[in-house]
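Every chain is named by a letter (A, B, C and D) in the order it is written, and numbering of its residues begins at 1.
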Amino acid sequence: MSGDAELLDLAAGAFLLAAVGVLWRRDLTAQTSLLAVQGFALAAIAVILGADQAHPELYAVAAGVGVLRGAVLPALMRRAISARATDRETRPLMNVGASLLSAAALVLLAYAVSQPLVRLLGTASARALPMGLAVALIGLLILVTRRKALSQITGFLLLDNGITAIAFLAAAGVPLLVELGVSFDLLLAVLVLRVLTTRMRALFGDTDLDDLRELHD
Amino acid sequence: MSADTVNTASILVSLGQVTLVLIGAPLLAGVMRQVRARLEGREGAGIWQPWRDLRKLLRKTRIVPEGTGPAFRTAPLLAVACTAMAAAAVPLISTRTGLGPGADLIAVVALLTLAAAALALAGLDTGTAFGGMGASREMTITALAEPTILMAVFALGARVGSTNLPQIVAAGVQHGGRLASPASLLAAFALGVVVLAETGRLPVDNPATHLELTMVHEAMVLEYAGPDLALVELGAAMRLTVLLGLWASLFAPWGIATATGPAALALGLGVLAGKLALLAVLLAAGEVFMAKLRLFRVPELLAGSFLLSVLAVTASFFLT
Amino acid sequence: MNLIAVALGVAAALAGAAVLAAVVLPARLRVVAVGVLSALLGTAGLLAGGAALAGGSFAAHLPLVLPLAGVYVSVDALSGLFMAVAGAVVLAASVYGVGYARHAGGGRGAQALWPLFAFSLLLVPAAASVSTLLAAWELMAASSLLLVVSGHRGGGDSVRSAGVWYAVMTHLGLVAILTGLVWLAAAAHSETFAGIRAGAPGLSPVARGGVFVLVLIGFGSKAGMVPLHAWLPRAHPEAPTPVSALMSAAMVNLGVYGLVRVGLDLLGGGARWWWLTVLILGALTAVYGILQAAVASDLKRLLAYSTVENLGLILLGVGAAGVFHASGHDELAALALAAALLHTVTHAAFKTLLFLGAGAVLHATGVRDLDELGGLRARMPVTSGLFALGALGAAALPGGAGFPSEWLLLQSLIHGLAVPGITVVVVLPVAVGAVALSAGLAVATFVKAVGTGFLAKPRSPAAEQAHEAPVSMLAGMSLTALACAGLALLPGAAGPALRRVVTGLLPGSGAAVTEGVAGRLSALGSTLSPLWVVAGTLVLALVLRGLLRMAARTPSRSAPLWDCGAPPLTARMQYTATSFAEPLQRVFDDVLAPESDLDVTPHAESAYLVERVAYSRAVPDRIEHRLYNPVIHTVRRAGLAARALANGSVHRYLGYGFTAVVLLLVVLAAAQ
Amino acid sequence: MNTLLLLTPLVAPLLAALVYAAFGWRRATAHAGTAAAALILADGIALAVRVMRHGAIDLLGGWLRADPLAAFMLMGIGTIALLAAASSPAYLAAAHGPDADLGQINAAANRRYGALVACFLAAMSAGALAGNLGLAWIAIEATTIVTAFLVGHTGTRAAVEAAWKYTVICSVGIALALLGIIVLYAAARHAGLSESAALDYRALAAHAHALDPAVTRMATALMILGFGAKAGLAPLHAWLPDAHSQAPAPVSALMSGVLLPVAFIQILRVKAIADQVLGAGFTRALLLTMGLSALALAALLLIAQRDYKRMLAYSTMEHMGLVTVGAAIGTRLAMAAVFLHIAGHGLAKAVAFITSGHIQHAERTTRIDQVKALAARQPVVAGIFAAALLALLGFPPFSLFASELALARAGFAAGLGWPVAAAFTLILIALAALVTHTAAMLLGNPEGGGRPAAPDALNLTARTPLITALVAVGALGITAWPISSLIATAAQAGHP
């Protein structure tokens, strides 16, 4: 039982670390692989919870999550990158140091905010819940501070992983139907963004989002 | 109020006042000219001269300048008629005038303004530069004189609780003490200035000059000749008479008849003649020693009189 | 069967029919049909108003109309007065409009909007609930706005800016009224006037005062109250003439109606400071309006500013009534109110006549600038005569429609000194001074308008080719002229109606306004019988004329003008409106702050020989410059600065969300 | 019968989408979308009648639920979809032009357009009928995905940029909503609700008392923020002008007219639950802040606006802000006003956007200062545009006047005088800006500049639906009896 809890904490820690790593690394390829790691960590969380709370269908969900977030989505990203090997997040709007510090602040915030929920649920898994929230917030931070289109997709994925993690930790996953819908939508969203990225490359020659300044008042 | 009753007698009084003003006005003008002449060391043409002029002018053929319209033709007639109507309303000899309750101070002022406006339109109708100039200046002065008059009316009427002339005058007769009050003194002075302005006397306007820069009233009527000119002259004289008479009845009502008995009327007539003569002499004497103001200094004068009338109003409230 | 109900129903039906006719009929037929139907609509309104003034009343509730509110209609004497005025103006203007629109082309839209506007003018005074009033009010605003801009093809930018100004100002007014009335309704827990009347006494003074200030802003702006008048001298001149007439003579009155309805009726009087404010603003408005009119040389602009002046006088009267009422002198209040209402009526009469006349001039010459006109009396005699009659009324001289009402106003003020209180003593003399000054300036103004516009010789080819207006236009003007004459000579005839209105609002007042035989008008011991004055003057004039005829020996002959023996007179020598107003402008230099510029082009050879001297003068609306421009500039600058908020950076956009989320979470965390 | 009624709005458009996918966009298929829209409208009316008679209808265990509000929204979707679909052929025909800035739109693009619009309709119907937070979320996110390509339809740089911003911002917003949903779900599960009930609007409302306040507060805040992004409310509003200005006119019409309201009713449903747990104060404060800031932003950015399609978009934002303020007031009258306003605004704004599309095609520009004297050159287009704007500015007889008036009354009656006054002041600023810009576009005489009139910028078939819609808005403003009872019941639901 306690072993499960430790495992869970371990998985959750890896989950959060992956996010921090994404924030740290400028190389998009590295970011993508970190993303894959995180996806698997997420799947691991699901498995552990399934074992812990004897929810057999969670294994299926875990499998799905692992495939989608650990394999498919990162693969999609990698393909987008391979088109242009030199994709690096050269000069983010907020330099890495600062963003790491603010990430720390966000983690604290996440802890503070999720206290009511933790207290309410009171389960062992719930204690890991703030990590999910923290990851979601870090995802937002990346969305706001990174220039490359792909980094924004990464941020979006982090946000979504965080939310899914919360779903697992707080309520052992939402109903299967919803889970499927969510994942499907996520997949589509990423696909859309990828298509747009390629179009953007075709039209703008680069995927630096600061070039997207034609529409303004 | 006794003044409200209108009967044949009072109507006769009004008619009498009208004829009196019609006849007396030129005389008044004559007196003033004579006084001026004497004071300036001239012989003077005698007080009947205005009448002679009028007779002469009336005999002449009436000339209608080309390009002038009905406004130009009817204006003199209208001016005289309005002034005459005012004369009928203002209590000169007696407070029992024909309009009785209708003899309203504001109405009288409006009538006189109407006369001025008619002449101004006539001046514009000629289409000459002088006509326009005169009209413009005359109207400016009238526009600025109006408030003063009405404020004075306000000061006087507020006390009596009415703007009905007979009532105001009658009240003045009954308690003469009030006439010495600061209110009525201030009002008297203010109204006096306005009378000068409205009748085109010095220092506002010089009836004797035809110098284009200084002309106001004369410029307006420059195109008139013959009988029309006679009417204009007559109108101006009547205007002076009526306003002086009004001033006299408002601020020195003593002797004015409050009834329609022949004796009272006779007395009133005599007293009126005396007052007017006195005022005329004073005015003429004053004008000898006075120079005409520049046109654009006139507003200052009128503003001053307006201030006085405002003071009069407030005084009439605080100090009584 | 209730006559008012029938008349209003008929009016509604006619409005619908007219709109339909405007949409479906071909141009030529359209103009006539709309004109006739609208004239009938006006007549119906006149009848309804008359019936209400005769003591009738009518109330109805239509729950299905106007979603979420329902329509409440109720007509009493006060509504009746304004309804009758509006109806009469509509009648005259519609008849006139037939000829005018045929000339102006009579576009489908404008023709369809006209009856709508006319009907909304009848609807506003009939409204008996906050929602109904606001709906009718806004309907009126919308239709008139579209009518104002309907002439945009000819007018170009001036029309556009006029439309924009009008739209914004009227909506500002609407927001003020809406806020005030809705506040009132919420505080009184009822939306209908009856309920508000019942609930108003229980309100806190703050609420009452706040509501009053708000509605004063709203209705005041519609009534052209300084400093909210800025739209009026822009919109009224630019609108097609019948519309200007309807706006100037009927629409602006409804501002007064609203103020009286809410201030005196719904709120039942109120504190003294409310009405002192109204009184002072009214005095300012009157003087400022007439000053601008005195120096204006655009005929319609002049008339618009004269509207501002007269509405100022009316507001002054209403304010005085309120002050007296607040001080418990209901007789005086009744007198002042009657004066204000009478002036509303007379002003409507002569202002309609004047605008229609100006429209006839515009129609005949295509010129609005008095400096370009002149000599019309020979070319369009009827119009000139009618315009002169109207001008006589506007100048408030005996024989003019404006004279009795201004007389009554002065009476009420003069008797006002009986009211105790230091403020009154200070304010009333100033008020009288304002009335007097505006009266004097009005004389100068309209002497200018008639003298330089219609008399003398034409100063432009356009004025030379002027021709008399078509019959329908003359008919419309003549109708109004009759009304003017009637009001000028027999003002007392309006007495009973006025008394009914006034006593309806101020139950405490006795028969303050009495009327005697022959339209004699009496007020607390003073009496005016304009009929006698005018008749007497005319009799005297005729007698004199007879005497002169007898005295004359030779028949009169005509001769060229002497003009000091100057060479033949050219039109360029005449005094124009601008030059006529020059002395006045000089006198009031500090108030008007005119902008004149003079550029001298020296001759090529020598600097001492002048080749050309160009002098231009403009008297801008100073309040507009000082008050509105800064606001407009501030808003503009804010708008330009705000562009940075949407600078196109997706990071910034997401940043908004991120910041919001973080803040929200922090707040939530802190809230635990 | 019920099954049919609840499934038609989803199936009909999907079928249309299949038709387009299979046969492409051609004369025969051009009006498949119109048919689907008409079906949705008819279905909405039928549902409305049925719901008013027998109360709410459930399907699939409450995943789909038709209550008065849903029926009302379906009618709205149907009407505006009808409008958009009816004017789509004209739009696409006009979009085929030599001009480059509109992009070459070829058959494939048309096929994609038809299919995507149909899917868009299906997604929105799902969002309207969703009786379950999960389905609602999926539907809303689906609309984002579908419309992303519609926004980028013309394929220009600007279009791609708009599409990117639209997708990213909306996805982020909707993700926040998902976070909120999950938190609420956790709370509900902990309160003992079954898996399916824990997301069900009605079940949640029924067991609201059992929910933990602190957690619910967090969930509500996140959900309102998230759905607010899709409803065009601050802070995640910025996608709105870009997307609306780049999307094809009929799509902009659909977005402004119904997409935003569909997202907005999710907020209303969430509010109904939250208010029982937290009392009205919390959501009221939140919605007031969001609504007023949306109003303020819209007013500010309208002042110096240079592009008339963006202008219309900001006006949409202004109206959504006002509607949000109404929701914050939350009394019955306020909610009725909100629904009436949504209806009126949807129609008027749809007309305005579609007309702006015609203007764009005729003038080859969307800049305000390059369009002059339109009223003189193209009276019909200008007339319709002006009428639509008058309606949007809230002039009677159009229904927006009635709803704004009722909203003000409700606000003061609820003691929210100051916010309402502030809202109307901001609306005044917005009006000043809109009037100035519109006058600059429409008025004046053609000699002053501007191109000669395009031959028939608006033929009869294109103008009829627009005029009909405007007449409808006017009729709604004079009397709303056909839908008044529906609105009233919808307003009553959850808003005692």
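Here are a few things to note about the model shown:
Throughout what follows, a contact is a pair of C-beta atoms (placed from the backbone, for glycine too) under 8 Å apart; a residue touches a chain by one contact, two chains touch by 3 or more.
Worth saying up front: this structure is predicted, and the values here are computed from it rather than measured.
With centres computed as the average of Cα coordinates, no chain lies farther from chain C than A. Centre-to-centre separation of chain C and chain D, using mean CA positions: 43 Å.
Separating the centre of chain A from that of chain C, both taken as means of CA atoms, is a distance of 69 Å.
Computed from the mean C-alpha positions, the centre of chain B lies at a distance of 35 Å from the centre of chain C.
Chain A and chain B have Cα centroids separated by 100 Å. Touching of two or more other chains is recorded for residues 164-165, 168, 172, 214, 218, 241, 301, 304 of chain D. The residues of chain B never reach two or more other chains; the list is empty.
In chain C, 642-643, 645-646, 650, 654, 657, 661, 665, 668, 672 are the positions where the chain touches two or more neighbouring chains simultaneously.
Across the whole structure, chains are in contact as follows: A-C, A-D, B-C, C-D. Of all residues in chain A, only 93, 106, 109-110, 112-113, 115-116, 137, 140-141, 143-145, 147, 152, 209-210, 212-217 touch chain C in the complex they form.
Only residues 642-643, 645-651, 654-655, 657-658, 661-662, 665-666, 668-669, 672 of chain C touch chain A when the two sit together in their complex. Remark: chain D residues 134-135, 137-138, 141-142, 144-145, 148-149, 152, 155-158, 160-165, 167-168, 171-172, 175, 178-179, 181-183, 185-187, 189-190, 195-196, 198-199, 212, 214-215, 218, 241-242, 245-246, 301, 304-306, 310 touch chain A in the complex.
Across the interface of their complex, chain B is touched by residues 294, 374-375, 377-378, 395-399, 403, 407, 410-411, 413-415, 417-418, 425-426, 429, 432-433, 435-437, 439-441, 443-444, 447-448, 450-452, 455-457, 520, 522, 524-530, 532-533, 536-538, 540-541, 544-545, 548, 551-564, 566, 569, 571, 573-575, 579-584, 586-587 of chain C.
The part of chain C that touches chain D in the complex is made up of residues 64-69, 109, 130-131, 134-135, 138-139, 141-142, 149, 152-154, 156-157, 159-160, 163-164, 167-168, 171-172, 175, 178-179, 182-183, 185-186, 191, 635-636, 638-640, 642-643, 645-646, 650, 652-654, 656-657, 659-661, 664-665, 668, 671-672.
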